[in-house]
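First, the structure itself, so that you have it in front of you.
Letters A, B, C and D name the chains as they come in the text, with residue numbers starting at 1 for each one.
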């Protein structure tokens, strides 16, 4: 685990190959490794999930226990390899993904020494955060890129929208608390805020419902408000996605007649018939 | 049921006519046959549905029984005719629709020999799959085509969206299970996943609701998340449908001045006034 | 109530004036009459609604009774005037609106002779249909026109969408009935259809909820389906409304430079500065 | 508190500086003051909210009481400064925001003399209206401006939509009241209106649910209606926001080649390469 210099590291072909496979996503092998890793993460998390079902725990508890150790071993080997082939093992082990990778294997080992059931579960759940590593893959999908850009572009508008909505929620919660009161389930304003969000998002559990006529009238108003303002983030995002699609089409220019705005699926310029280069964002896909 | 050669078959005018009516959708007779078949399928399925209502079963059970046999006979005759007029009866009987057609008549005959009530119902429900034959008709509606194309175009983006949402659902489910626990109805993580989906899709049955303050806060966050991310698939699909409409308009080009982008309802070029040909996708309608 | 000839009728200035006010909406007086009528309809319907609240009925029952007779008298006078000033009283009295107008005053008179409480209520509720007369006014709002056109344009696509959804609902209902069965509230397939619609539209009453694990999994799938396909009608309508707005802008052409596509609020051509004529659909507003 | 002449007031540099900070939002100091004020309002409202939770009231009641007096003092000083530096103190104190500012400090002082618990709470809740002062800030965000313009542009269409929906709700409510009746929870038509709104907005509490088959069929129709008409306001707003984005892009014109329609983030004309001026609506941001 010596912190070797990058120059010397560069000459070791095994390390370089491993780094390409484990950290890289440009080569087919690197992508297959990532897909296999995702499968392992999903399976190991599925085991944790199924183990919480009492019947499954009783019937297959031992098998799940063995499989979990198998996955823990796989992740341990993977963590070791990442440390070995990283150009800078210390920086990796202290990076966000390095800590997540360590946290995904620690719980099983800690459970050997601290057999408290609840605590084991809480730390095992931390393995879930490893799924976020999967999100790294999304970057290589042009569609994911486009969605992310559209969301970033509209984030300020959406923030203003949610700020306005939360002001409305705060006012409505206080009004409902005063009208309905603790007797009808609105025991405090924070509980009333919970009710208002349940109502304005049109979830409507029905665990707390207004009982007075005035309360029901304000509840009806809240519902109609929530029902209609859902149009606003949708409108914002739709407009941005439409812009993104047009922008993506504009990136390609016919080398012959200079026409812009070709569709992403087009291979030939629809004006002069000369061949187009492949779309920029999909060339790495 | 001899597997005659297509050439000899081509000369039999009755078979050819029958094939046009039963398998084809180009002639008026073929389309009327399909509509009559849809009516029969819907009626026979409606009978199965109504028969499960205890009061209707007691009052009209015998009539429903007789009507079901009538529909079974109709479907049997139809199946026989399909076998008879098909250019390749064996291939038809082993095709997806051939098996669905057979499965839609088998349950009634099987019920004669195996009178177990539950089993009969399960296999009778299989008749429902015949409805999918109806979907064949949708192909001939240009609007259906446009919707399907828009959905296919956006399927990758929507898949990425649902992949991200399912990651969020998995994390939130584990967190809610740890916070609320079995005492408040979150008896296992799969149950917690069910609750998270009920909440994030804004369905909100209310059969499981958070009881702790922290759980209610996370539930409120889940609702707001579900309420706002519904904008994403809507935005994707809206942008694609808008593109499809523009693409459809671009398919028609004035033969005189070459202007593109006429509205679907237009009969004359709005630039030079010469008559336009009918829209491509609606010419068969 | 003599069926006078239109020619003779044309000469009577009182009838002509009354017809303009009562039937017409072009003159200010005609529009004020319509607005007053809407107010009367809404008030009289509000009375019927409030009278069903037990406390209000006990406290103000007599006042409501008197006010209802006042509105009945107003509507009777209005009906008489319509008959009097119509160019063809017989055709009016047999037209859709003529029958609705008669039905709106009949219940109160019938209640004198048939004092059965329930029956009176049912026929009084019919007065609600008079509200549809109000919808006539919407025609004169260009925005209403635009919305109606967009909805008509997208009606075929939306129909195909709802046809596909109802097929999915039918299949899911049968599957849920077989899985959950009468013991868990799915007493018949029609009840199961009701549950499926409650779930797929994300309403989620919670009066019937799946109890088995498989049922909850299919319920979760149904919710995600309903949550995502809501994007389809939204996408269709949004694209059509966008088209309508562009079409409306194209209706106005600058008389000087022939530029199209001005905004509805523009008074001068943004290309050459010459004055534009008023928008077509708003000129009658 | 003498109503000095604006001319004399103009010469006092302290007052002028204070006015810039307290009332203005153009200078950095003015904007920092507004942000600090928002923080104080949110904290003081959060205290009122938390104080209604019984456990928190018992544990930290004294601390909350002290903090509330601190915020009351801050707001009192702020009110005094506003009166002092205003060019017209009387007009300020009678303006909408002046009254709101006074109402936000009065409750705490009134509570000294009238210790009635409920009344104190009701008037303390009035402080919430101060949050609306925050909305003033939104004006300076170009995105907020764009959203507001899009909402104003679509307000007539949305009004027509809600008018039509309320007519449908009224008819459906009366029909459901007649079908289900008081025995199934539909005790009056106003209650039935509440149920219809709960259903059509897809909230679905489940506190009132239809029990008869006909009622469930109409409920299913109501849900499908609500599920599909949500597309209409979304479509309206999306089209308007798309128009607003295009309009905003058209506001910037290249000074060299006169090309319009540059993206908001662009710094150079994409046609001739000359530098563009900053977007209009963001220049004050």
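Criterion: a residue touches a chain if its C-beta (ideal position, glycine included) is under 8 Å from a C-beta of that chain, and two chains touch if they have at least 3 such contacts.
The model shown is predicted, which means the values in this text are computed figures rather than measured ones.
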Equivalent interface to C-D (more than half of contact pairs same by residue no.) among A-C, B-D or A-D is A-D
Same residues or different residues where chain A meets chain D? The copies count as same if more than half of the interface numbers are shared. different
Taking each chain's centre as the mean of its C-alpha atoms, give the chain farthest from chain B. D
Could you work out how far the Cα centre of chain A sits from that of chain C, in whole Å? 43
Which whole number of Å gives the spacing of the CA centres of chain B and chain C? 31
Which chain B residues sit where two or more other chains touch them? 190-191, 193, 202-206, 226, 230, 234, 236, 238, 242
Listed in rising order, chain C residues that touch chain D in their complex are 45, 48-50, 52-54, 121-122, 125, 128-129, 131-132, 134-135, 138, 141, 143-144, 146-147, 150-151, 158, 162, 190-191, 193-194, 197-198, 200-207, 226, 230, 233-234, 236-238, 240-242, 245, 263
Interface with chain B, chain D side, in the complex: residues 202-206, 234, 238
Please name which positions on chain D make contact with chain C in the complex. 156-157, 160-161, 163-164, 167, 170-171, 173-175, 177-178, 187-191, 193, 199, 202-206, 209, 213, 216-217, 219-220, 223-224, 226-228, 230-232, 234-236, 238-239, 242-243, 247
